[in-house]
Amino acid sequence: MDLSLSSHLILLLPLAMFLILGLTGMKMSHRLAGVLGTLGMGVTLLLAYAVAATYFFSGSSDFVDAAGLRLQYSVFDYTWLEFTDSLVIKLGFFLDPISAMMLVVITTVSFMVHLYSLGYMKGEVGFQRYYAFLSLFTFSMLGLVVATNIFQMYIFWELVGVSSYLLIGFFYTKPSAVSASKKAFIVTRFADLGFLVGILILSFYTRTFDFLTLTNSPEAVMASTGGATFMGASVLTWALVLIFMGGMGKSAMMPLHIWLPDAMEGPTPVSALIHAATMVVAGVFLVARMFPVYLQSSSALMVITVVGAATAFYAAVVACTQIDIKRVLAFSTISQIAFMMTALGVALPTIHEGMGYMASMFHLFTHAMFKALLFLGAGAIIHAVHSNNYTEMGGLRKYMPITHITFLIGCLAIAGIPPFSGFFSKDEMLTAMMNNHPFWGYWMTMVAGLTAFYMFRLYYRIFWWEENKHYAEHRPHEAPLTMTIPLIFLALVSVVAGFIPFGEYVTWNREPYEIHLDWSVAVTSIVTAVVAITIATAFYRKKNDLPDRLTRRFQWLWTAANRRFYFDELYMFITHSIIFRRVCQPIAWFDRHIIDGTMNMFASVTNRASSAIKGLQSGSVQSYVVVYLLGSLAIAAVVCVCLI
Amino acid sequence: MFSNILIYFVVIPVLMLAGLALTRNIKQVRAVAVVGSTALLALSGVVLYQFLQLRAAGNTDPMLMTGSWSWFEPLNINLAVGVDGISVAMLILSSIIVFAGSFASWTIDQPKEFFLWLVLLSTGVFGFFISIDLFTMFMFYEVALIPMYLLIGVWGSGKKEYSAMKLTLMLMGGSAFLLLGILGIYYHPAEGGQYTMNLVEIARQGVDRGWQYFLFPMTFVGFGVLGAMFPFHTWSPDGHASAPTAVSMLHAGVLMKLGGYGCFRVAIYLMPEAANELAWIFLILTGISVVYGAFSACVQTDLKYINAYSSVSHCGLVLFAILMLNSTAMTGAIMQMLSHGLMTALFFALIGMIYGRTHTRDIREMGGLMKIMPFLAVGYVIAGLASLGLPGLSGFVAEMTIFVGSFQHADLFHRAFTIVACCSIVITAVYILRVVGKLLFGGVQNEHHRELTDATWWERLSVVTLIVCVAVIGCFPNFFNDLVGQPFQTTFASIIDVIK
Amino acid sequence: MELEILKYLIPALIMFCCGVYGFITRKNMIAILISLELMLNAVDINFVVFNRFLFPGQLEGMFFTLFAIALAAAETALAIAIIVNLFRAVKNVDVRNVNKMKF
Amino acid sequence: MDSVGSYIIYGIVALSIVVFSVLTVTTRRILRSATYLLFTLFATAGLYFLLDYEFLGAVQIAVYAGGIVVLFVFSILLTSRPGDKSEKLASRRRMLGGVAALATLAVVGFAIFAHFSSCQLAPAVEQAASVDMTSIGHFLLGTEKFQYLLPFEAISVLLLACIIGGVVVARRR
C-alpha cells in the first residue's frame, strides 16, 4: 500500500472511529460498537506495521542512506495554522526510528486493549462511549508520536491529556473516579504550562517549531539564543527544563507524579493502555525527540538524570508497601519510566555512542509490552475476584492458570531475569548509567533490585500465599478468550522482544549500533534481581508473619511509604489551603466587596446626595418663583451697580 | 444606497422589527425571528464570499464594500460603511449567535416584546460592526446598550433590577469617556489634517500627537469597560447572572466583543503612537484581569457567575493581546473574540437550559446531570473543553495565537507578562473541571431532578449550531487566521512599523 | 429727567410687584392665575410704553402686546380647564393639596 | 399731554391701576379679586388709550375684560362652594411675598430712575400719528419685513389647539 495513503489512514481511521462511535454510538448495540472499534483498530495496526516495516526494512533511499544512516522523513506536512512566516503549526507525519517504533508499540497495545475490553467491559453502561474514547486516545497518541513539529506534539499532547481525563472518569458516577480524573488533568495541565512556556522561549529564539530544524542543527539553536541567560542559567537550559517539565507531568515524574496512582480509578484496560504503555512514556518520547537539543545543555540533562533517579527510587519504595495491586503496578510504572528518563539523562554521545538513548527506547518498547501484560493480567484477576486489594486474593494460580503464567512472565521480564525482554533493555540502561557515573549505576541497580522484590511480592501475594476464604462462595474463574488472547500474545512478545537487535534500528544519531552485553553490569544486576526475588519468595510464598514483623519493626517507614511519603497531603495543603483559601477566596471577596463595593459606593453617594437635595425640587411653583425672582433680582442689582 | 450589501445588516433587523410589531401570537413571533436570523446568517455568508472574492481579485484597500451617505453635513457625519476581515468575522459571529439565541429563547414570556428589544439590540451590534464612521459607530453602540436594560430588567432573574441598573450605568459611564474621546479625535487631527469622522481618513491623516496621550486612555477605557477590563468589570458577573438566556448569549458573545473591537479599531488603530507608549499601563490591568478573573471563577458557586468571571478572564486576554501591538498577537485577539463569543454563548445557552429545568444555578444543589440530561451535559463538557483550550476546538487556537504572538515581543516585560497570562490556562482547567465534576458527574444530588427531560429540538439546534462553529474554527483555523490576520499584516503593520 | 415715560412705567411696576406678591402668597390656584395675569399686563404696558416713547415710528411693541394678549387668553383658558378638571379630582383648588405627583 | 383734563384722566387711570392691583392681591375673597382684576384691566386699557393705541385698548377690553375675566368668574363659581370664602395667609409666606415684591420694586425702580434720570429721549415723541386699522391689517397679514403673517397664523393654530385642549382636558370622563 502506498505510504502516504496508509499514513493518512493511520491517523484518520481512529479519528473516524471516534466520531462514528461518539456520534452514533448511542444507537448501536454494545456488540456492534465493540467489534467496529476493534476492527478499526485492527486495520490501523496492520497499516502501522506496514509503515514501520517499510521504514525499517525497505531500504529505500528515503529512509536509509548508503552509509546505513537512517533518515528522518516526513510523509506529509499540512499547514494548519500560520502564526508568522516562520512560526507555523503543521500537521504532519514524521517517520524516523523512534516514531516508527512508537507506531508499533501504540497500535499493538491499543489493539490488544480493544480486544481485551470486549470481554472486560462487557455489559458496562457506556460501552460505546468507552470505545469512542479509546479511539480518540489512539488517534491522539499516534498524532503525538508522528509530530513533525513541537507544536503539533503539544496539540496531541493536550488531546491525550483529555482522552486520559475522559477515560479515568469513565465511571463518572463514582466520586473517586471523578476526582481522580480531575486531578490527573489539572496536574498534567500544570506541567503543560511549563511545556508551553518552554516552547514559547525556544521558538522566540529559534523562530521555528520544526523538529528537523531544531534537532539537525542544535548548535544553531544554542547560537540563536546569543548566550542570553536568566537567573544564572542559559535560556536554552530554561527552555529545555520547562519542556521537560511537560514531560514530567505526563510521565509522572516526582513531584508531579501524584495523579498516576489515582488514575487507576479508570477501567483496568485503560490503565494498561494509557497509564502504563503509551501516554505516560510521552515524556520520555519528548525528551528523546528533542535529544540533540538537550545535548546542548548539560544542566538540563543533569536535571533529567536527577529527577529520574530520585523518582525511580521513590516509586520503587512506595510500590513495596501498596496493597491495591493496580497501585503497585502504577508505582512500578513510575519507577520504570524514571529509569528510562535517567537513561536518557546519562546518554552522552561520548559514552558508548550515546547508548543510553538506545537503551531507553529499548526499555520503552519492552516495558510497554510487559507492563501492558501485567495490567491486563491484573485486570483479569480483578475481574475474577472483584477487588483491587491483594488481601482479597492469594492462591489464585489454580483457578487462573493462563493469567498466572503470563503474569509470571511479566514479572520475570520486569525483574530483569534473562532471557526475558526486560533483562536486555534494563541491562543496556544500567551499562549506560554505570559508564556515566558509577553512582547512577549502583543507585539504579538498587532500584532494579527493589523492582524485582515488589513485583514478586505482588506475584506471590496474588497467586500463592494463602487461598482466600471468599473463594468458597465466589469461585474465581479464568478470564474469557477475548481477554486471554491478548495476555498470551503480550507474554510471547515479552519473552522474545529482548532478542530484537534494537541498536540496529534506534539510536540517537540514527546510525546502527552493535549491542553487546557488558557482563560485569549484567551479572551484578542479575544477582541483585535474584537475591531480591529470593527474599520475596522467603517472605511471601507461604503465609507467614515475617512481613508483619518487619513492618512493625519499621513502622514509621512503612506508614510513610504506604502513604506515599505524604505527597498527596502536601498537594492538598497547597491547593486547598493555600491556593483556594488564601488566594481564590480573598480575590473573590475583594471583587465582591472592594471593587464592586466601590461601584456601589458611587451609586449610594449619588443616591444620598440626590435625596439630600431633593427638597429643593419641591414641586411648588411658588417657591421656585421666590428663588428665581430673588436670584434674578440679585443679578439685576449687580448689573445696575456695575453699570451705573 | 441599497445597492451596498452591508446596509442590509441594518435593513433586515429593521424589517424584523416591523414584522414583529405586526405579529399576533407566539408562532408568528417565532417565524419572524427564525426567518430574520436565518436571513442574517445567509447575508453574512454572502458578505464573506464577496469579501473573499474581492480580496482574491487583488483588492488591497483597507476597507472593502465601502459606501458613504451624508447624514449631517456641518459635522461631517456620514453613514459610512465598509468591512475588512475583522469586521466580516465579527458579522459572522454576531449572526450565528443571533441565530442560536433566537432558538434558545423559544419559550420566553411576552415573546413579542422580548424579540423586539433583542432585534433592536442586534441592529445596534450589526450597525456597529459595519460602520467606519466614528459617530455612527458610537450611535449604534448606544443602540446596542439601551435594550439591555429592559431585557435584563424585565425578563431577567434574581437581582434583576439592580443588575440591569448597574450594567447600564457602568456601560453608560464608559460611553461617556468614549464620546469625549471621539470628539477629541474629531477636533484634533494631526498637522494639516481635516475634520472628519471617517475612520480610514483619520487613520491616514493621524491624530495630534499631544492629544493622543489624553484621548487614547479615554477611548481605551471607554471600550474597555464593555470589554470587562479590570477594575471596570463588575457589571459583568451581576449582569450576566441576571440576564435571560439569549441576552446573556448575545451580551457575552457579541456585545463584549464590541469592546475589544472598538479598542482596536478606534483606540489603537487611530492612535498607534500613544498606544505604543501607554500600552504598559493597560497591559498590567488586562494581565490582572486574566488571572484575577480565573481565580475568582474558582470559588463561585453560581454557574453564571463562574462563566461571567471566566469571561472576564478570556476577554482580558483579548485586550491583553491587542496591546501587544504585533500582528500575530492581535490576530490572536480577534480569534479569541470569535472563539470566546461562540464558546460563552454556548455556555450561557446550556446554563439557561439547565436552569430552566432545575430552577437552580447553584452547583452545590446539582449533580449527576450526565445521567439525566446527557445531551445538555455532553454539550457542557464540550463547551468546557473549548474553554480550557482543547486542541480541535476554538479556544486552543485563539489562546495559542495570542501566547505565541505576545511572546514574540522584543521586550522582556511583555514576555514576562505573557507567562503570567499563560498561567490562566491552568486555573481555567481548575474551575472548568470543578464545575463539570460537580454538576455533571457524581451522584444525583436532588431526587426531583431524576424526572427532568433532556433537550428539545430547538435547544438541540441552538447548541449544535454553536458546537459546530466552535469545532470548525478549532479544526480549520488557518482560514480564519488569514481572514482576520490580513488587516494586521497589511494596513496595520505599516502603522506599527512607522511608530517602531 | 424724563418724567413723561416714568408716569407710565411706575404704575406698571407697581402692578407687577402686586402680581409677584399675589403669586407667592396665594394658595388658591385661580388667585395665582389672577396674579399671573397682573404680571403679564404690567409687562404688556411696558412694551407699549417703550414702543411709544423710544420707537414711535414703529409698531413692534404694540404687536408684541397684541400677540401676548392672545397668548394670555389661550393660556388662561387652558389653565382654567386644568384647574377645573383638577377640582373634580381632588375637590379642592389649593395648590398645596396637589402633590400626588411630587418626586 | 398739555391739558389739565388729560392729567386728570391720567391721574384716575394710574391711581386705579395701583389701587386695584393692590386690592386684587390683598382681598381674601376670590370673586372680589377677580372683580378688582377687571378694574385693573380696564385701567390698563385706559392707559393704552392715553398712549393713542386705540386698537390695542379695544382688544384689551374685549379679550381681557370681556373674555378672560368672565372665564375667571365662571371657574371661580365652578370651583368654590358657598361655605368657603377666604383663605388664611401664613404670615411667613406673606412676609416672603412682601419681601420679594418690595425687592422687585426697589431694584427695578432704582434701575428705572437711575436710567431715565440721566438720559434724554428723542424729541420726536409727540409726532407719531395714531395707528389706523388699515395699516394694522396690513401689518398683521403681510409677509414683508415688520409684518406678521407667520406669528398671526401661529397664534391662530395655537388658539385652535388651545380650544381643543381645553375641551379635552375639561371634558367629563
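By letter and in written order, the chains are A, B, C and D; residue numbering begins at 1 in each of them.
Rule of thumb we're sticking to: a residue touches a chain if its C-beta (ideal position, glycine included) is under 8 Å from a C-beta of that chain, and two chains touch if they have at least 3 such contacts.
In this text the structure is predicted, and so the values were computed from the model without any measurement.
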Distance-maximising chain from chain A - centres being C-alpha averages: D
Chain A and chain C: spacing of chain centres that average the CA atoms, whole Å: 93
Centre distance in Å when chain B and chain C are each reduced to the mean of their C-alpha atoms: 59
Between chain D and chain A, distance of the C-alpha-averaged centres to the nearest whole Å: 99
Between chain A and chain B, centroid-to-centroid distance (C-alpha), Å: 36
Two or more partner chains touched - positions in chain C: 20, 23-24
Shared interface positions of chain D, touching two or more other chains: 96, 100, 104, 108
Residues of chain B whose C-beta touches two or more other chains: none
Those chain pairs that satisfy the touch definition: A-B, A-C, A-D, C-D
Chain D residues within the chain C interface of the complex: 1, 10, 13-14, 17-18, 21-22, 24-25, 30, 33-34, 37, 40-41, 44, 47-48, 51-53, 56, 59-60, 63-64, 67-68, 71-72, 75-76, 78-80, 87, 89, 93-94, 96-98, 100-102, 104-105, 108-109, 112-113, 116-117, 119-122, 124-125, 127-128, 131, 136, 139-140, 146, 148, 151, 155, 158-159, 162-163, 165-167, 169-170, 172
Interface residues, chain B side, partner chain A - complex: 166, 169-170, 230-231, 233-235, 237-238, 292, 295-296, 298-300, 327-328, 368, 370-371, 385, 388-392, 396-397, 400-401, 403-405, 407-408, 415, 418-419, 422-423, 425-426, 429-430, 433-434, 437, 440-443, 477-478, 481-482
Chain A to chain B touching residues, read off their complex: 79-84, 87, 89, 151, 155-156, 158-159, 162, 165, 169, 172-173, 175, 178-179, 181-182, 185-186, 189-190, 192-193, 196-197, 200-201, 203-204, 580, 583-585, 587-588, 591, 595-596, 598-599, 603
For the chain A and chain D complex, residues of the former touching the latter: 625-626, 629-630, 633, 636-637, 640, 644
Touch list for chain D against partner chain A, complex: 96, 100, 103-104, 107-108, 110-111, 114-115
